[in-house]
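A, B, C and D are the chain letters, set down in written order, and residue numbers restart from 1 in every chain.
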Amino acid sequence: MMIVMKPDATEDEIGAIIERVEAAGARAHVSKGDEVTLIGALGDREHVARLELEGAPGVAQVVPILKPYKLASHQLRDASVLEIAGRKIGGENFALIAGPCTVESRDLLLSTAQVVKDSGAAMLRGGAYKPRTSPYAFQGLGQEGLRLLAEAKEMTGMPIVTELMDVRDMEAVLEVADVIQVGARNMQNYTLLSEVGRSGCAVLLKRGLSATLEELLMAAEYILKEGNERVMLCERGIRTFETAYRFTLDLMAIPVLKELSHLPVVVDPSHAAGRRDLVLPLSLAAAAAGADGIIVEVHPDPEQAICDGPQALRSADFADFAAQVERATALAGKAFTAAA
Amino acid sequence: MMIVMKPDATEDEIGAIIERVEAAGARAHVSKGDEVTLIGALGDREHVARLELEGAPGVAQVVPILKPYKLASHQLRDASVLEIAGRKIGGENFALIAGPCTVESRDLLLSTAQVVKDSGAAMLRGGAYKPRTSPYAFQGLGQEGLRLLAEAKEMTGMPIVTELMDVRDMEAVLEVADVIQVGARNMQNYTLLSEVGRSGCAVLLKRGLSATLEELLMAAEYILKEGNERVMLCERGIRTFETAYRFTLDLMAIPVLKELSHLPVVVDPSHAAGRRDLVLPLSLAAAAAGADGIIVEVHPDPEQAICDGPQALRSADFADFAAQVERATALAGKAFTAAA
Amino acid sequence: MMIVMKPDATEDEIGAIIERVEAAGARAHVSKGDEVTLIGALGDREHVARLELEGAPGVAQVVPILKPYKLASHQLRDASVLEIAGRKIGGENFALIAGPCTVESRDLLLSTAQVVKDSGAAMLRGGAYKPRTSPYAFQGLGQEGLRLLAEAKEMTGMPIVTELMDVRDMEAVLEVADVIQVGARNMQNYTLLSEVGRSGCAVLLKRGLSATLEELLMAAEYILKEGNERVMLCERGIRTFETAYRFTLDLMAIPVLKELSHLPVVVDPSHAAGRRDLVLPLSLAAAAAGADGIIVEVHPDPEQAICDGPQALRSADFADFAAQVERATALAGKAFTAAA
Amino acid sequence: MMIVMKPDATEDEIGAIIERVEAAGARAHVSKGDEVTLIGALGDREHVARLELEGAPGVAQVVPILKPYKLASHQLRDASVLEIAGRKIGGENFALIAGPCTVESRDLLLSTAQVVKDSGAAMLRGGAYKPRTSPYAFQGLGQEGLRLLAEAKEMTGMPIVTELMDVRDMEAVLEVADVIQVGARNMQNYTLLSEVGRSGCAVLLKRGLSATLEELLMAAEYILKEGNERVMLCERGIRTFETAYRFTLDLMAIPVLKELSHLPVVVDPSHAAGRRDLVLPLSLAAAAAGADGIIVEVHPDPEQAICDGPQALRSADFADFAAQVERATALAGKAFTAAA
């Protein structure tokens, strides 16, 4: 941490800051310039983190130097390759994750599961619990949805990605989920993050609508801190001033997250776009930019979907979609992951 | 809902949309222009809400006409005046809510409580459970914090505002809280909203960092739908591109929320600014713009505060601060609320 | 400037940076920590500004310490009080600037001018050249508009605020303008800023839709650098994700700009809101927060206005509006400025 | 345009709106629902555009139906293929535009020009006039820079892309430029847009930092309206809350602009990222998503560059960069354009 003193800071004020830095177990390095004095607070991250010097007498600005996350940081280790029920993600392994937005019925789920499996998808997604902006909207099939996902898993052998919203549903979700999805609206639900961490189950952590990359990594840190290392980060569009699309997919996040962190990065183009026709170009772009996977929605008859039909790829087009995405992964030195 | 058809939509596509509108229990009004055909879907809000026509064949655009919230809407009723342990908020009643960011110790809490009471504050705030971006930061005193709040309540007679993060803490929080605070990061934690609604306890619902006013009102709707009408909305700064301050306090939200909804509107300038010196001008502005209350942080010795010290008003300055805010409330035809 | 080296920066890389700092005429102070080395580059602002060290080998981060503007900075001088044709603005002087959005006709302009003068306005605003998003929209009366403004000035004795868009119109505008307005869309039109600076005429510089406060002050610096010290800064709403209003008025900018700079700060609530009913609460809030003036639009019959009618205050209501704003200025220790 | 009346609008208010719609030369279609009345204003775009009904008595909301731009719209024509000194851009033709940020010296410019030509670039970029946030920064070589660009053009035969900031430099710039660049900060400098339109020279129009796609297309409309059809749109990063990078490159803009407009779309990853290491992944993503070209900065020795060195690709790496981008263009069915 670097503390910039005000031009008119007194010697006493400078001395008081040095004292507080040292009392916190860090070391203070002082540089006196013509206009300002700088004080570097160097030492262990946790000691330094305890210092809250903004607004202290004489202090103009406090500049963090070290990243506030540790376990998510790239400095500590190489890029992680996770293994989910035999499918790898990370490194040279690209995972295509696909399925219906929400589990609506047995027929729909099983037929979609077969389609995505046949086209090379590594995992099956499907929501049993759905976070909805409106309390009047369909909230998911709940337990019945989980039961159907278990059946699809048994039929296809594909690992299941499904969302958990309420810690009280943890046990039921763990019975079927290979990957627990934490939704964008819950990215800073710290209670949920800690419990998911303790579960030991792999996690797909979606970036909040207006979360910085640093906040996303801090949310991952809540999970990692419980000893659960199997975390995938997911970019799904951020909120900006632009109204021409639902969210603005931030593809710069891919290379930057991979520089900052060892965790795999997945992109969800379906929710960002909200429109089927944008899903292919955005998926190609994500793969070309080096994503470790994408998660997309598929439906045999999107016009009849209970939710988010406009953004679902048609089952009939999915094999072609997957083939194009696979070509794009080669640009970044990756290939579709296969069951071990 | 208004459906705008594409210029090249066929008669069959137009017919299919009309059929879907009527199948949902709404009525379809068709207007054919030179370039486009418009279809109005009119009828009960819930019938119309069920239609998901974006992306359907021939559809260019779907424009919502009615607001998606009902119970939070101003159309149904006059501005609400809530009563919290004898203190009114709303209408001509302005509530000053103040206290420490987090409950740190008995002495600190009781002395601060006395200061804010003596200066005309209507309620005492204080956090026992703290949502923190970093898992390594202080997370609040928990149960012990709640016990101290109960003591402060007994001593001063002031109602208590405190945050609930985890539904499993509901019972303990209800023992002391007169108002449950739902934090910005949990504004779309629908599990929490529903439970808080069922509790019947008054709620201070903070706007998410990047939540639109409509999303805030939909979150309130989750609480109201459970039969709990005692909801206050709280503007606490939104995330923008500006880096000169922590968040951008959106004071336009005050008159616009009051036009859209009957619920009282409270402003939190402390968290938006993150700096003590901005709290007074922003509090005056909030009161002048017609807010029904403000919630601010106070500490006897902010340099020693465990969290958010830089934004806390000094206890010694609080009486003067409160007097200035009271003057500003008169501009909007309001006055400090008093214990009944 | 503070240079943070990467944890694995070599001694050679550190040495190369020190050399570049010193070659630029600045002094280098080195602090070696356990994890990183910091290098402070201290010295004259212009020497330091020349260093472009981001991305240099071994460099992790470059942190600016001094503000990049000089003449606009508060450090150099006390708050400025400008005098515009005998009306003061700044310090304890609050200027109400009002008039029609665009000059439409002689009758309309003269009648509006009389109304705003009678209600205590310090200056008359009116556009002869209008920047319009659409090339098909009304672009202003041009030279004829300027002629009418000259007539209004003669009739009422009020100084005129009017926009300049094209440097080639400078001479014509200078014949009538007491204050040249630089619009938000031209805030970074450096050609225009420099010419306006050379003109010596007072300037109302509007903040760009997505300009940071630092960028606004850098734009002011372009004017000040030409020797023209008569610059007023104007907050007029920024672009955010919120769609409930046209722009989000950023009232935090008032106290922060006044801390950073000695220049007076004016607020334009009309363009931010785009709606008449929000202009009063936002004007009260701006005055309460310490603005040095507001600039608002007035029209005798807004339903017939050629542009921006929905946001114009009605002439018939203006005296009452002005009286309420005057009350609010007292909260910040100010009063309406009067002709000398 | 669709006008939504308030639930309590009177018959008189509804009648008055119908009258105004018809007086403007449009036709009114009325739909009465249970809660609200809708009035469609249908007819010629310019007639409808003249209506300013927001805020009129009884009006709740005005919803635009037709896009406000005509000449830039896709509805009128197929995707444009522009020809710039024999190089095609648009359709199946991808243009790699490259060169130094600013023209610094003869040697640097000529050597860089040769490198980019040899690697398959279609055009040479280089700035003689530089818009700089700070008035103290290097502002470009001006006329001398233009002279050097003419020399590079003669040597390599490549068309030149260079920025115009001041209409008074038009004649000099036209002597060398094959494409005039209008910078992001000047996107709404309507004076400049109209003059560039009148020049007949091809234009690269950069999206403003916070311009919506609709505003970008309206800016293009200013140029097209003067009879100049040779306009390329350029996405170069927008301003968001994220501070991990300079701007957020909005790659969704590529497919959406191509749906809305027939104009070619170019992407500038260098300015968005501000960092060399992000330029390759973002360029691959842009090509994969269907961009018609990219514009990137190259320098033989970026550490010595006068401006924006950290984002410049190294000349030594450029051939490899270009080869990778060429592979990515195939994903979208395009190939590098070649001199005719």
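Basically, a residue touches a chain if its C-beta (ideal position, glycine included) is under 8 Å from a C-beta of that chain, and two chains touch if they have at least 3 such contacts.
These numbers were taken from a predicted model, which means no experiment stands behind them.
Simply put, of A-D and A-C, more C-beta pairs touch at A-D. Interface residue usage between chain A and chain B, two copies of one sequence, is largely shared: over half of the residue numbers at the contact are used by both copies. Taking CA atoms, the transformation carrying chain C onto chain D includes a rotation by 180°, reported to the nearest 5.
When chain centres are set by their Cα atoms, the one at the greatest distance from chain D is B.
Separating the centre of chain A from that of chain B, both taken as means of CA atoms, is a distance of 27 Å.
In terms of their C-alpha centroids, the spacing between chain A and chain D amounts to 31 Å. Centre-to-centre separation between chain A and chain C, using Cα means, comes to 39 Å.
In chain A, the residues that reach two or more other chains under the touch definition are 210, 239-241, 243. For chain C in complex with chain A, the residues that touch the partner chain are 2, 4, 7, 27, 29, 31, 33-36, 38, 40, 42-44, 61, 63, 65-66, 75, 210, 239-241, 243.
Contact residues on chain B toward chain C in their complex (touch as defined above): 210, 212-214, 238, 240-245, 248-252, 254-256, 259-260, 272-273, 277-278, 281-282, 284-290, 324, 327-328, 331-332. Against chain D, the residues of chain C that register as touching in their complex are 46, 49, 52, 54-57, 68-69, 131-137, 165-168, 185-186, 188-191, 194, 209-210, 215, 218, 221-222, 225, 239, 274-276, 302-303, 305, 307-311.
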